[in-house]
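First comes the structure, then the notes that go with it.
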Amino acid sequence: MSTIDYTRELSVLEGKHALRELDDLIAKPLETKPDKKFYIALSITLSMTGLFVLGLALTFYYGIGMWGNNIPVAWAFDIVNFVFWIGIGHAGTLISAILFLFRQKWRTGISRFAEGMTIFAVMTAGLFPLIHLGRPWLSGYLFPYPNQHSVWVNFTSPLLWDVFAVSTYLIVSLIFWYVGLIPDLASLRERTEHKIKKVIYSVFSLGWRFSNRHWHHYEMVYLILAGFATPLVLSVHTIVSFDFAVSVIPGWHTTIFPPYFVAGAVFSGFAMVQNVLIIVRKIFNYEHIITVDTLEKMNKIMLLTGSMIGYAYAMEFFIAWYSGVEAERFAFLNRAMGPYAWAYWIMVTCNVVSPQLFWFKKIRRTIPVMFVIAIFVNIGMWFERFVIIVTSLSRDFLPSSWAYYKPTLVDGMILIGSFGFFFTWILLFTKALPVISMAEVKAVVDGAQPSHKDH
Amino acid sequence: MTGEKILYSYTGIFDTPDEVTHAAEEAVKQGYTKFDVNSPYPLHGMNKAMNLPASKLGYVALIFGLSGALGALLSLWWVSAVDYPLVIGGKPFFSFPAYIPVIFEVTVLSAAIATVLAMLFFFFKLPNNAHPLHATDYMKKVSADKYGIVIQAEDPKFDESSIRKFLESVHAKEINAVYWAEEEITHKHKIFEPKFLTFLLVVVIITSGTTYFTLNKLMFMLPFNWMMEQQKQNPQQKSLVFADGHGMRQPVEGTIARGFLPYEFKGQPDLAGERLVNPIPVSKESLQLGQTKFDIYCSPCHGYHGEGDSRLRGQFPNSPSLHSEKVRTWSDGRIFAVLTEGQNVMPSYTTQLTVDERWAVINYVRALQRALNAKESDLQ
Amino acid sequence: MISSSVEYQKKELPSKVQTIGLGLLLVGLLIVVLGYLVNPERSAYNNIIGLTFLISIAVGSLFFVAIEFLSGAVWSTPFRRVGEFLSSTVWVLPLLFIPLLLNVNTIFHWTHPAPADKTLIDKAPYLNVNFFIIRVIVFWLVWLLFYYLIIKNSRKQDQTKDQYLTKKNIKLSAIFMPLFAITISFTAIDWLMSIEPHWFSTILGVYYFSGTILAALAVGAIFIVLLNERGFFVKGIHTDSYYSLGALIFAFTNFWAYIAFSQFLLIWYANLPEETFWFLARWEGNWKFFSVGLIIVHFLVPYVGLLSQPSKMNPKRLLFMSGWILFAHYYDLYWLVMPNFFKEGIPFSWIELGFPILIAGLIILVFYYQAKKNNLVPIGDPKLKRGIDFRL
């Protein structure tokens, strides 16, 4: 029997750390020149981004015909990628905001990085509604400004709700991220002797002085932002789910979509965050800050949300049968046994089966295994969106309208390229800003807070 | 730095959070109000130790959030039910459930932006990189791993001789004086500084210039104008295909339009009047059809009762009354000739009225004429 | 390393608690029995509401006990026993479902579908009397089993202070979770969705879950606040623990509203008659006002009442809002069930009062009985000291 002890609180960080040591460790990537590994990684992501630009250029020049979209499958990779990337973004806000509201101290090591990932993921996601328009330069019409047409945008359409939701999400995430950065930028300002860096840090830290009169308001605002960001993140993916659920298509119109999509977003987001963090902590020697305990907790969240996804699959299937509506029953049988069955079973294996391995503590704490499981989860969640969108569209009510969808090379270029775009931003981020929140991590070190004299 | 140095404050450094909390409590006990504690991260219980009132920023969030919600709701109502109502999906003009997502997003956005801006600009009075505590050793320490207390000279209880003793009594280390820098004293409102105003002006010019260029010029250049400038024949446009350059052509020789019936009396209206007979019997349907067509096509000039008192009266050469002796004695065929070929200012109506419709209109005109010139026998 | 033992003096609950509980129980029982004699169909519908309400409290409380073990939370440890005592009401659930199981044929339309109703006949593999009864009993047995196993370990720990019991409970809680999800969802489908057997909604299980969580939190909070203010728990439990309770209630109020709105918006938007008729029935006659009232009672009032930070820590406010939320949950179940019975307007008479009174009596009595036999504080729990010292 292992010596478990529930009487003591687990330390957030491993080992004893002097505060200055933490500062040095976190600021090191910013104070040193990039090494060869960085340039290799950057060249890979930039090549992928180049693929992205090429794919987009071909699309803009020749039109959406370069993609595999057809009638009836009018939405395919474009919207699958959109939902996928927005989902990735949700983990960041969940870690920063929701775990903050639950007072989970272990979030401090990972929140800055996760929020950064949110912003980059939302930027990547936001591109897709724009590029799938055919004439993307007219996308300004999505915003309800008074114009000479007199007609307004369709406020009752979930596609328009998306415009508001994604814009708000991007702006509020940026604000939240920036507010968290201010104290760290001020620390960096104090550390640096480099003239230009000092000016940049001074400007962006706004002259923050670490005054407790300011911390007082700062903490309240951080709580308010977290309190707003939580329903915001739920609302964004809910509105994305409305894109499908408000229709009448079997497989799309089902009331469980909103919480199911949100759970799925958190699930895939955490998988991506976990993957990237495992790499980051190794490269920058942050293993004592982003501990195996932290990774284990993230895996537990993946287990929880993965199980919610499994629940939703089962409930959808049951109610489709229960409803007695033939089109609904067919839609689900078609998913499992129709022409896209291969996609369906990849999805089920990756999403339902693989996270269940996290019931076992050993697997939760073994890094190579959890890394692979998270990759499977990412693949599975991409396929989930593919299954939902493509199978339901390719075979809906009228058999004479059924058609098979095949992606084109340009579709693939844009998919791979979007990863390049995303990872390029992350690489640049690691060298430009502290990827761990210096102030928050120092605040949860053992002995960082005054001991309680009962008041 | 030349000139007299003005004292800003005295500072002290501490190594542990407990010490600085104790120091803060003591400062409050001593009656100091213009003092502050600096730490690299927020310390639990410091607000209480410093006797700070609760932050009012929650109210900012509440007020701006509610205003955002109300503003969004009013805008959505006005746009959908007042300004340009459209029936979408069979739903009512004001569909409140559909507005909830947008209202929610706008609420969160307004509250978040307002709260953060209020915090930074009003509560903190940031940006401010010219504060006396900047670029001091004190700031370097409290931004990293030490805790500090700073008591301002402006505080009524401040006394330069006793301040050092007080700080020593709470076990502060590195007790130092901090002075205002020359520029900081003379620094006034940064908003109206010429450099900043120039910067604003440049931003305005660049933004408006770019917007003007993009919307009025760029959108009409290649490739953005591809949908506008299509390689198809538009009406009135010169044709590159036909020798005479006309894009709009006559129908091919020998073809006839659907429903076409030949008219042999071109230029001979009297002959048409003699030869043509109205094939449509006077019936309720015929009269109703005639009335509909008359009201559409004839009434603008002739008026609804054929008296020539039309809506165009005064703006156009007046048409004669259809109740004149001449018209009443004209045969149906003669009137048909007028409708087919036109007369004086009146154009031909072959493109607007089919042959049958013309006969129906004539039946209706007869009815109008009879109405204005009824015989006693009509009353039976 | 075992924590230094915390000072706990077991205080007896005043006997008037027993009197009140017994009184409510008898009055409620009288009304229920009379109701069944006078109008059995209406009483049966009220019975369904009462049953689903008590399941919410019993199984929801067990859920919270399990969640505490699974998540390793410490702030709730000092009063986890409240959840345990409340979850023992799972024993009395048969009192509420046996009369219904004996009357299945009169209550549920799917027991006798019209021959032309192909949709209903198609559902027979699931909606048939035998399978229904089996489900009800099996679910109850599952809840009973996990209640027994988890609570047994918790009680034992009072004596042995063995940390391994906590580990066992964590394992049991983990296994319980998916079973909880399934049983609660299908309870909702069986009792709340099949009374209108032509209607369907994939989110109803989640909807009932959200109400369950709120009800369990609310009734727990009522007991916690009442007992803590009278010193029944260990000395030194801080208002920060009240804050956590208040914040959870606030959060789940929002969650309920989100689920309710999602369900409504999607059905309203797509406008499919096979789904909208259910909401239209709740807009007929008086039901219109009741439906709008649901939004106010279940969302607006608790939202405003628990929005500010101080309100979440105030014991009086917490007590009032918890009572309000219990009323709101009953209101919600009433809104789900009754329109199937009374299409023209809201039925309300003495019959409707029977089950709420009965259930209140049951809960109070069961709690009193449990508090008499067991410690109100899990004195052997290794996390207890940290729970008492808990500060935000």
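Each chain gets a letter, A, B and C, in the order it is written, and its residues are counted from 1.
The rule we apply is simple: contacts are C-beta pairs under 8 Å (C-beta built on N, C-alpha and C of every residue); 3 or more make two chains touch, one makes a residue touch a chain.
These figures come from a predicted structure and were not determined experimentally.
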> What is the chain whose Cα centroid lies farthest from the Cα centroid of chain B?
Replying inline: C
> If you tally the C-beta contacts for A-C and for A-B, which one comes out higher?
Replying inline: A-B
> Could you name the chain whose CA centroid falls nearest to the centroid of all protein CA atoms?
Replying inline: A
> Counting in whole Å, what is the centre-to-centre distance of chain B and chain C, each centre being its mean C-alpha position?
Replying inline: 48
>> Please tell me the distance, in whole Å, between the geometric centres of chain A and chain C computed from their C-alpha atoms.
In response: 34
>> As a quick test, compute the distance in whole Å between the mean CA positions of chain A and chain B.
In response: 32
> Among the residues of chain C, which are close enough to touch at least two other chains?
Replying inline: 265, 269, 391
>> I need the residues of chain B touching at least two other chains; which ones are they?
In response: 44, 58, 89, 98
> What are the residues of chain A that contact at least two other chains?
Replying inline: 231, 238, 242, 452
>> Touching residues of chain B toward chain C in the complex: what are they?
In response: 44, 58, 89-90, 97-98, 100
>> So in the complex, the part of chain A that touches chain B is made up of which residues?
In response: 18-20, 23, 60-61, 135, 137, 144, 150-152, 154-158, 160-161, 164-165, 167-168, 171-172, 175-176, 179, 183, 186-187, 189-191, 202-203, 206-221, 224-225, 228, 231-232, 235, 238-239, 242, 438-440, 442-443, 447-452, 455
> So in the complex, which bits of chain C are touching chain B?
Replying inline: 261, 264-265, 268-269, 271, 308-309, 391
> Can you list the residues on chain C that touch chain A in the complex?
Replying inline: 1-3, 72, 74, 118-120, 122-123, 126, 163-164, 166-167, 174, 177-178, 181, 185, 189, 200-206, 236, 247, 251, 254, 258-259, 262-263, 265-267, 269-270, 272, 274, 381-383, 385-386, 389, 391-392
> What residues on chain B touch chain A, complex-wise?
Replying inline: 16-18, 21, 36-48, 50, 52, 55, 57-58, 61, 75-76, 79-80, 83-84, 86, 88-89, 91, 95, 98-99, 101-102, 104-106, 108-109, 111-113, 115-116, 119-120, 123-124, 126-131, 133-134, 139-140, 142-145, 219, 223-224, 227
